[in-house]
Amino acid sequence: MIRIRNLEAGYEKLKVLKGISLHVNHGEIVTIIGANGAGKSTLLNTIASLITPSSGEILLQGKDVTLAPPDRIVKEGCVLVPEGRQLFPTMTVKENLILGAYTLFGHKKSNDANMNLEQIYKMFPILNDRQSQLAGTLSGGEQQMVAIGRGLMSNPVLIMMDEPSMGLAPLIVKDIFKVVETLRNQGKTVLIVEQNAKAVLEIADRGYVMETGNLVLEGSAEELLDNNDVRRAYLGKDYKEFTDMGGGE
Amino acid sequence: MTSEQILQYIFSGITVGSIYALVAIGYNIIYNTTGIINLAQGEFVMLGGMIAYSLSQIMSLVPAVVLAVLITGAVGSLIEIVFIRRMKKSSVLGMIVITIGISIIIREIALLIWDEQIRALRFFTGNEISSIDILGARISPQVLWIVGVTALIVMALYLFFRFTLTGQAMRACSSNTRAAKLCGIRTSRMVNLSFMLAAGIGALGGCLVSPLTQTHYSMGSELAIKGFIVAILGGLGNPMAAVAAGLLLGLIESFSISFLPMVYKDVISILILLVILVLKPSGLFGSRQTSSLKDF
Amino acid sequence: MKLKKYYPIVLLAGVLVLIQLLTLITGTAYYLTQLTMAAYYVVVALGLSMVMGYAGQISLGQAGFFAIGGYTTAVLTTFDLTDKISRPFFAFLDKIGLLVHKVTLYGDSIVHLSPWISFILALVLAGVVAYSIGVPVLRLKGHYLGMATMGFGIIIYRIVLGTHIFGEADGISNVPAFPILPGITIGGDFSIRIINYYTAWFFVILAMVLLLNLINSRTGRALRSLHGGEDAADAMGVNTAQYKVKVFVIGAVFAAAAGVFITHYNGGIGPSESSVAKSVRYVAIVAVGGMANLWGVLIMGLFLNFLSLRGLFGVYDDAVFGIILVIIMMFFPDGLFQPASLNRIKRILRGK
Amino acid sequence: MKRILLTLLTFTLIMSTAFANGQGEEETVKIGAILAVTGGASFLGAPESKTIEMLAEQINADGGINGRQIELIIKDSAANPEKAISFAKQLIEEDKVIAIIGPSTSGETMQIKDLCESYKTPLVSCAAAEDIVNPVASYVFKTPQKDSYVAELIFQTMNSMGITKIGVVAANSGFGNAGKGQLEKYAPQYGIEIALAETYDRAATDLTALLTKINAEDVQAVVNWSIVPAQSIVPKNMKQLGMDVPLFQSHGFGNIQYVIAAGEAANGIIFPAGRLLVADELPDSNPQKATLVAYKNAYESRYNEPASTFGGHAYDALSIIVEAAKKADSLSREDLRNAIESLTGFPGTGGVFNYSKDDHNGLGMDSLAILTVKDGAFALY
């Protein structure tokens, strides 16, 4: 599905990604875990072409898209559901979703867009009720639903998610991750970046561990869950907190 | 003051106000997609009038106006490609300064092409001495054109931004540029489109007012300032409120003449600007929230 | 006190003497006229450089402060007090030497106020106006600040243009010379041209010394942190609002002082000195000089004003400044006299 | 430090090359001109500049001043007084001109009046204000007709029409203010009541509100004293408002372009102006006719735009200087001044000039004619 080789990128003089190589197979949920500032978001932003890489290559379904503009990436079937949702706060829920299908309209596929819209409403019925409400006025969980829905509108094959659980109540996080699993079951591929390592490893097939711009560890979700280093660094405190909070509810 | 006089002042205010509103709409369109205040907006009005005048010498009025709008739109697009696109990383200060520079350059080029003479496009209907009686007040038929077309532009813009995909995409760029990119919207194309649209609307305004107010190479800066006052008054980024604010400022200016020497008319409107800026920068018609969620 | 930082100033003084000697030898002393006028405009630009470059605030109304200075002194020193001199207040002023008696070219004798009084009043007025404008307006940011300062400039322009005592569109002429010290008079007479040249540049150097000291003072450091980002400066405990206003007032007082001097040097002032176009020109000079680079601003201010005042740009005078603004902002947003830009120019020259 | 040193050094170099420029040929006679070719008064300065460029070529082709070619040095002040001052000093001292033409506006002229007087350089201004020649400065002359003549002529016409109550509107330019002042000064002498006198911004583009205010006063006529663009807007706005009273304008209306801009609304406007605009209508016996027709035809064929009275003022300024220089004892500034002052019976575009020790304008009220607009063209009233 996607293959990345020796990717380097950053801001001005600061190099954030120091030679990243990874791949995601069709139908997988792959996660990248790591501490704050490790470069996880930068990696996704670079794949989505919001940041131009300084070297390396990105192959999407075998096509080289290293230097393609952001709209090409979307057209090739790869969308990013960004960190912090990044909705259009002053536009209605429906408008937000429709814009997700922007790339379809150029190719006379506006019927697809309407069909997708219905599917999204089926997946998140609450959005159907709120379709003419301004997106900025929704709750955090609803906003995350709009963000995911918007990403799905363009018929992507690969969905990248950046910290989908951030700022959400644990119950909602569970719902969101359930949706991610559903997506995989529908044949989509998901690349997901999370700080909430425990929760994400429970649904992921494989995972990478990222530290200061490098991928230091790779393995199946089970392997990573069992890995001592990972447990100490990423699961220890988080794990405890998560179970505490989860248990409290 | 008799009721006819009051009505006459109102008409005068609406005429002037519509012109201000057209300039302010241009500001808002560009501001919404780029966050730039394009101080060269007044020059588009001048260019529209001048180009239409020159073309009207060799063709009839309607194609001259249409061509003038298209050409000025192309100029707007060119300005974006040549100057603005390269300024991505620039500060607000840099943006103010460069648009001022651009406006000076356009003005000087206009001086070279059309020299210092004043030009006036012919009246759309009637002529210089036609006058329509409305409830005892009298106006030129051109005023109806100005007000009518302004209303049409506002409506068309509303429909465009609300119901067309391109319009929604432009609003998306203004709302959240990053997210717009992630949706596969080519933001640079939207920015370019906004310059084209703003220039075209400015040019149409220039054609509309030319028969009444005439066109002169240096008319732009005056309008740019008035248009900006109106844009602020209405709340930056809100074209609908700009129309209301434009009419309001037009009326204030018109009525201020009845009790103050006309020379200080501009002092009044700028004082209003300063007071608004200091007390309520979100504009008269915007609450603080809506201005933070800037929208069409 | 580190004397080393004054070496460039000594060097500047040397160059100025050199230029004067050069004009003397070549019999081209008339160049000093425009060099003198340019010097005063440089003072305005230096003040604006502090506001824009060091404090990171934009002012599109600097010509307004210049006009406050120029018009205050022009109005006060052209008012004929002949029939008021018997009143006790004016008689007292006359006694302590603050009134000037003179005979005009056309043989009328007049009495007018000493320019010293109007000079001081002009500076105070400019400072007070700058402070009262600055406190509310400098809270604004970006476009709002730019337009608010421009609005201030336009108001001054409109008032000057619409008010009888300011001569409306004609401006004020016949402003007397300003004897600042025995033997030193600011005035347009060709015989005192060399004195005027050195006087004007003395003020430039004075301004430079003052500003260089300010930059290296506690205030200066606060200013730089302010430019780096206001939130950061606030976090460091710098009272940003107070420093911004302070610099704004300094810039205004510099502009007003230059306005007073040049009005006496020219013998008059007109509304064009307060126009937005003039304010934009100052901004262009500061931009091309490198924003926060007093030396760059000094040199470019001198250079551009000198050429403009000599009419070298002909009918393209405004266009030149427009093009400068665009080129600088597009290619050298930090200004020409900045290391990054200089490197860039070097690269271009090397053909890369 | 190194950088500063380097820049200072390059600057000195640039300056010294500037100083190195040698002087021009001694043969030519230099005449300076300070005109507002661009900027707010460009409608004055631009035709003035074009006119004297054309005229200087003609004069040189005809042998110049007693065989010496003239060299014009035209400086564009853009109506900025500080530039006018700088240029005046430059022309006087550096270029050593024998005389200066201009400036275009009254404000600038007043700023350099004393300078020219102190340095004994003849100045022939193209600006209208009366202050330029009152008090008389021995070296300062002007060519446009006095404002007071224009005002008086307007009132005389009103008297003949039986108008007694008028409204006055004027632009807030030097020109407009001076005119308004003259109207207010002479109105009582002619038994005319000014019901309302208002100034408006000189760049104003819609005056319906102001005219509504005037209309409410039941005036019998309106006088507008302005320059571009208002002189075409006032008639249009009056027609829109359905005001049927006659409109009088100042001599600032003296360009057919303004009639074109005002279109139908221009018909019936009454204004005093020099006879340039109706040159072809004049009888052959008129002393000015030859000059007027020659200038008009030459200008219009060369620049492909109608001649205006403004260009005419510069035409007069240059021809007066050249005529005087031909008659002067020498080309020294003092002799030239004397020659200008003693110039009489000289037909220019603005009228027949008769300069004297007390009159540095040299034109009588007969230099103006009352004109009107008929079918989009100027005609004698």
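First chain written, first letter: the chains are A, B, C and D, and each begins at residue 1.
Here is the rule we go by: a contact is a pair of C-beta atoms (placed from the backbone, for glycine too) under 8 Å apart; a residue touches a chain by one contact, two chains touch by 3 or more.
Quick caveat: nothing in here was measured; it's all calculated off a predicted structure.
Student: Can you list every chain that touches chain B and also touches chain D?
Tutor: C
Student: Counting C-beta pairs in contact, which chain pair has more, B-C or C-D?
Tutor: C-D
Student: Report the chain whose mean Cα position is at the greatest distance from that of chain C.
Tutor: That would be chain A.
Student: Which chain lies at the heart of the structure, taking centres as C-alpha averages?
Tutor: Looking at where each chain's C-alpha mean falls, the closest to the middle is B.
Student: Take the average of all CA coordinates in chain A, do the same for chain D, and state the distance between these two points in whole angstrom.
Tutor: 74
Student: State, to the nearest whole Å, the distance from the C-alpha centre of chain B to the C-alpha centre of chain C.
Tutor: Spacing between the chain centres: roughly 34 Å.
Student: Just give me the whole-number Å value for how far the CA centre of chain A lies from that of chain C.
Tutor: Result: the chain centres lie 57 Å from each other.
Student: Just give me the whole-number Å value for how far the CA centre of chain C lies from that of chain D.
Tutor: 33
Student: Quick one: which residues in chain C touch 2 or more of the other chains?
Tutor: Residues 161-162, 318 of chain C touch two or more partner chains.
Student: Give the residues of chain D touching no fewer than two other chains, as numbers and ranges.
Tutor: In chain D, residues 38-39, 172, 199 touch at least two other chains, as defined above.
Student: Please set out, as single numbers or ranges, the residues of chain B touching at least two other chains.
Tutor: 261, 263, 266
Student: Write out all the pairs of touching chains, ordered by chain label.
Tutor: All chain pairs meeting the touch criterion are A-B, B-C, B-D, C-D.
Student: Mind pulling up the chain D residues that touch chain B in the complex?
Tutor: Answer in residue numbers: 38-40, 42-43, 46, 172, 198-201, 203-206, 208-210, 212-213, 216, 228-229, 232-233, 235-236, 239-242, 257-258, 260-266, 305.
Student: Along chain C, where are the residues that touch chain D in the complex?
Tutor: 7-8, 11-12, 15, 18-19, 22-23, 26, 28, 30-31, 33-34, 37, 105-106, 161-162, 167-171, 173-174, 188-190, 262, 266-273, 295-296, 299, 302-303, 308-311, 314-315, 317-318, 337, 342
Student: Which chain A residues qualify as touching chain B in the complex?
Tutor: Touching chain B: residues 48, 50, 69-71, 73-75, 79-80, 82, 86-91, 95, 98-100, 102-103, 105, 134, 136, 150-151, 154 of chain A.
Student: Considering only the defined contacts, which chain B positions touch chain A in the complex?
Tutor: Interface residues on chain B, with respect to chain A: 165, 168-169, 171-172, 175-176, 178-186, 293-295.
Student: For chain D, which residues are in contact with chain C within the complex?
Tutor: Chain D reaches chain C through residues 1, 3-5, 7-8, 11-12, 14-16, 18-20, 37-39, 75-76, 78-83, 85-87, 89-90, 93-94, 105-108, 110-111, 113-115, 117-119, 129, 135, 137, 172-177, 199, 202.
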